[in-house]
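Notes to accompany the following structure.
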Amino acid sequence: MSVLVDKSTKLVCQGLTGKSGSFHANQMLEYGTNLIGGVSPGKGGTNWKANSGDEKPIWNTVKEAVAAGANASVVFVPPPFAADAILESIEAGIKLIVTITEWIPVKDMLEVKHALKYNDAVLIGPNCPGIITPGECKIGIMPGFIHKPGTVGVVSRSGTMTYEAVNQTTQVGLGQSTCIGIGGDPVKGLDFIDCLKLFQDDPNTKQILMLGEIGGDSEERACEFIKNHVTKPVAGFIAGTHAPEGKRLGHAGAIVQGSCGTAKAKLEAMASAGITIAENTNDLGNAVLRASGK
Amino acid sequence: MSVLVDKSTKLVCQGLTGKSGSFHANQMLEYGTNLIGGVSPGKGGTNWKANSGDEKPIWNTVKEAVAAGANASVVFVPPPFAADAILESIEAGIKLIVTITEWIPVKDMLEVKHALKYNDAVLIGPNCPGIITPGECKIGIMPGFIHKPGTVGVVSRSGTMTYEAVNQTTQVGLGQSTCIGIGGDPVKGLDFIDCLKLFQDDPNTKQILMLGEIGGDSEERACEFIKNHVTKPVAGFIAGTHAPEGKRLGHAGAIVQGSCGTAKAKLEAMASAGITIAENTNDLGNAVLRASGK
Amino acid sequence: MKVHEYQSKQILKKYNAPLLQGIPCTTAEEVEKAAEKFGRSVVKSQIYAGGRGKGTVYNEPELKTVSLDGGVKLASSPQEAREYAECMLGKYLQTVQTGNEGKQVNTIYIEDCCNIESEYYFSILLDRSVAAPMVMVSTEGGMDIEEVAEESPEKIFKLHFNPLTGLADHQARLLAYQLGLKGGQIRNFIKTAKILVKAYLDTDSDLLEVNPLVLTTEDDFMVLDSKMTFDDNALYRHPEIAKLRDKSEEDPAEVEAIDNNLAFVKLEGNIGCMVNGAGLAMATVDAVSIFGKEFNAAPANFLDVGGGANAEKVKLAFRIILNDPSVDAILVNIFGGIMKCDVIAEGVLQAVREMELHIPLIVRLAGTNVEEGKKMIAESGLKVIAAEDLPDGCLKAAKAAAEYRKGAK
Amino acid sequence: MKVHEYQSKQILKKYNAPLLQGIPCTTAEEVEKAAEKFGRSVVKSQIYAGGRGKGTVYNEPELKTVSLDGGVKLASSPQEAREYAECMLGKYLQTVQTGNEGKQVNTIYIEDCCNIESEYYFSILLDRSVAAPMVMVSTEGGMDIEEVAEESPEKIFKLHFNPLTGLADHQARLLAYQLGLKGGQIRNFIKTAKILVKAYLDTDSDLLEVNPLVLTTEDDFMVLDSKMTFDDNALYRHPEIAKLRDKSEEDPAEVEAIDNNLAFVKLEGNIGCMVNGAGLAMATVDAVSIFGKEFNAAPANFLDVGGGANAEKVKLAFRIILNDPSVDAILVNIFGGIMKCDVIAEGVLQAVREMELHIPLIVRLAGTNVEEGKKMIAESGLKVIAAEDLPDGCLKAAKAAAEYRKGAK
């Protein structure tokens, strides 16, 4: 049991023949992900050769990939074409779309969000590390080896912070059920609340670790949701407590404007929702232990 | 019991101060419809005086009408502004919008359809006579007096044909549960299938009378739905059996193109769905009697 | 609303659609001069109907003597273009779409040639069943699409698009692959398809058909023949398109009806019909066809006078109906709703008196104040035949028409 | 990306937004000549920060002697405009938004005057919490909107709109009523609001603020001051906007970082930070602030080197960090993922060697091949301090910085 991805996931890689797509496709295959092929318009009918020597078919359209059995896609398409690639997957009937590409224009993502409302597809990202169910399926760019099958559901707005969290939950012996990097963009697919719902309903997830950062109000809304709907122990962390106001720190979403999106507001919301707050980036694993009363 | 409208319906009239809006608002009030006021931008704060001497408030926005309790609206706004009026009602939270206005551009209606997908509002029309639950609530321009509370659910693409049907079902002693004129435009709100669902689920509706016409394929799809989901007796009629191909007969929807939308196809679909077909416009009431085995 | 081929191309040109150079002309001299620019040129007669290439040009509206075989001709010299133009201008072109009539050719479009590699069918229209616009393409370019739909439906590809955003790249690409295009052809197709969709949406078009859309030997796409029709309801926001309306192409009675907000369609029979409501008017046409059969009667028109049928509107409707010399009787079928039957009867009687109607008039009334209405007609002293119901009205109209025709002869 | 007021107005002009005539000038002579067109005119210094009217112009970057009180002035004659311009051009304007620094004024915008009836606030921005753009209006025009939000939130009205269709008429009308407008004012407001929304959507703007939007005594609306920023990710489709970027307004280090796809933000402290990943970089800034406190240490910057931190990128990052004279130590915090720790260590060591780094360098590594990485650093013979974890790294960096500063003095 896990969330969104498992051994039954059949993945197609959009942009497989690009440098980044090709590199990470190899990494995913090595982790054991069932990558069935790639989509690269104009290269349909050729084969892509993995480092292992295996060959995977390249299709011109996602429609063909779906006909071949794909039920999830990962997008490594350059920013100007990425939203169109996501829309293509939605329209072709792909149910889980993980978008790694960063620097996608906000307006493009608004159109994608709009299309998502009409369809039951799930988008993770853009500008995110992806999703992994340890030991079963990795879709994204996270280092697979630090993960360990276990009980913590991890959801995070930032990439390397997730790796810290994974590393520590592995080290304290809990391991992870599924880890979802939702990405740092202001307009994105899954948000904290969506992931919290999934973790709450997943019997294999025993604890939840939520890694937020300054900017926006999705952490505050997530805390409200936790207060009312989440019964599992939750630990949390907010990055950017010492960020200056009005400056955008890397992530397009990480900007404090006026009283909106401050670390203070987010930490207070966490405390009031009964979340165990990690004191610093070294305390993530222990915070989960404390949250679950260990 | 009835469908969509009853004594609890609180109606606001968009375009109440116009000639047509004012005339029909009086007719509706006389029928007993609970019309609580009107929306005419720029005239907010004034009162509209009914023929009876009663005064009704005029608001600038539908938002204010909703704040005053409105849960349904009827649109008598001229074509260039009608789609915007519908969108305003949708956004203000009105749950039933009856649009009488004809000659609304198709592209405007496509935008309305789009907005309806995001909201749980129901649109009837445009270019339709409206909806009536005899003895309880009339929203539209149909002559109220021909109706009689009873058991036939009437759904129709055309206006005066509905009146023929109502007249005859009253004369044969059955009366009507609710009559819905869905209008003759190619892009509209409720279609046959939506109304059939409502009638099938309404305990007061014992028989259904469906009045179609040439053009489009909504009758064919409705027949497919009837075959699989409607257990109540259904009588039907198709107008335009002798219409020439490629000519638009009044209704924008009533045009036969190639093999699509012919009367023949529609009549065959009705027959195959077990619908009792009225032989001519004089046979509507009797066809319902035959359908229900009387 | 329809426009001519050359007008649709002038509209598409604004969107940078790929078009050959062309010049509309109304005289043979203009044609020759225009053709000089191209050397070889295509001489295309401009009428609102399709199938022009396979049509026949006749010298007179009665279609007796043939002027030219085909309404679209390839001319290898300006002189030849002029000769073709002389055989077309002012003459009557009959095609599969004009039926038994011919349409007078008043304008000729002289167009450049290109090197054709292959031909495709491309159109954009509303799919009513899902209330969304769609692109329809086929490898069978230049053919009648309904024929293709019947004979090889697997060669037609349909794709719906969101009218708020237009055609997405991946959608245009999918169509390109379905047409079997390759490499640079795909890029050019995507560009062309997106331009056409944008033009369709921007202009409130309800049909944009490019048949054929040709692929040149240089891998470019070219709009060779194009047809656009527009949503009448939206013309108010496109005054530059509205003024393209060519009333000479339309039935004068229909033009007068449209100008007066009446829905009128000319049919082939002898019973003029005046009805309120489009659905009831259709049903009346049906009923006249069915019940009139044994008297060789058939409906002469479809006419919906709409909701407020006052004396003025009734008179106008009568005038339009009477313009048709084949009308032998008029059947009025009114279901009085908000508008009461006595008011309508008054309007009909007034019209009869003022217009000195000489052919039989049959009136069927139902609904509000029907008894008062019937009484007024009965007591009017005018020769108006009352009908009990629609079948009765049809029979009486058919009989009266037969008698009138006999008497008139 | 930010643009100057006059540039945003040039963009809005293309959409027919209601604007006063204005002329951008870079010399006092140009200013005088421009002002002659208007008689009375407004002299506006163009810098990227707001609050210009209430700011102070200083003669030198150290903000010692005042040149002019206020960065926006009403001039009653061309001569007066010229005098103001002389006090502004080349001088340094400090406002509430520039903080402790002043921004040099290189351009002045000379604008016509109008008769103001009342002032409103109008802006368009993305509401992240619902992922939809919204219009925000207030009757408190000309005020700092965050102040209004705090003191009288009931005077701010927000309305979301569909980015695919723009602002609907009824939405603009609702805003007009909420602002208490009447009659013709409403029509003009709707027109202006729709224009601004269209400009916002078309240009991939991420903020369009008009403050104040003024209602003239003639019931017209006028964009008096405008501010536009644009989505950096979408600049590729707006080359004409991209080229407006004024690098002189930006921190040179940040410019270099952006040009090299590094995320860099200058802060006030003394510990240079180099981290991979935006979240971890933020957390590192936090940790330095917390753990460095007892040694008076604070982060000198935020710097995310991104996923592929090779030697080239590390060197570039070091160079950007070292441009800041207040940096006393560098803390490297890397979680090796796909990029292995030994590769990163190699890059760091290579950079140290080539750049002859003279300030303390503290390195914390974790993740893939961490042991190999640590070993390489230990055995390198270079003065690189290894940290066990981030708190340890912060403490060591803070201490080393304190010692370095003591030694340097």
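Chains: A, B, C and D, in written order; residue numbering restarts at 1 for each.
The working rule: a residue touches a chain if its C-beta (ideal position, glycine included) is under 8 Å from a C-beta of that chain, and two chains touch if they have at least 3 such contacts.
Values in this document were obtained by computation on a predicted structure and should not be read as measured data.
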{"item": "Between the pairs A-C and B-C, the one where more C-beta pairs touch", "value": "B-C"}
{"item": "Longest centre-to-centre distance from chain B, chain (CA-based)", "value": "D"}
{"item": "For chain B paired with chain D, centre-to-centre distance based on mean C-alpha positions, whole Å", "value": "55"}
{"item": "Chain B and chain C: spacing of chain centres that average the CA atoms, whole Å", "value": "29"}
{"item": "Gap in Å, rounded to a whole number, between the CA centres of chain B and chain A", "value": "47"}
{"item": "Where chain B touches two or more other chains, by residue", "value": "111"}
{"item": "Multi-chain contact sites of chain D, meaning residues that touch two or more partners", "value": "162, 164-165"}
{"item": "Residues of chain C defined as touching chain D within the complex", "value": "162, 164-165"}
{"item": "Residues on chain D engaged by chain B in the complex (per definition of touch)", "value": "162, 165, 168-171, 173-174, 177, 183, 186"}
{"item": "Chain A contact footprint on chain D (complex, rising order)", "value": "126, 128-129, 131-133, 146, 149-150, 162-164, 201, 204, 206, 231-234, 236-237, 263, 265, 267, 275-291, 299, 302, 304, 307, 335-338, 366-368, 389-391"}
{"item": "Interface residues, chain A side, partner chain D - complex", "value": "23-24, 27, 79-80, 103-111, 113-114, 141-143, 145-146, 156-164, 167, 184, 186-188, 211, 213-218, 221, 237, 239-244, 247-254, 258-259, 280-282"}
{"item": "Footprint of chain C on chain A - complex, ascending", "value": "41-42, 44, 60-63, 81, 84-85, 87-88, 91, 111, 115"}
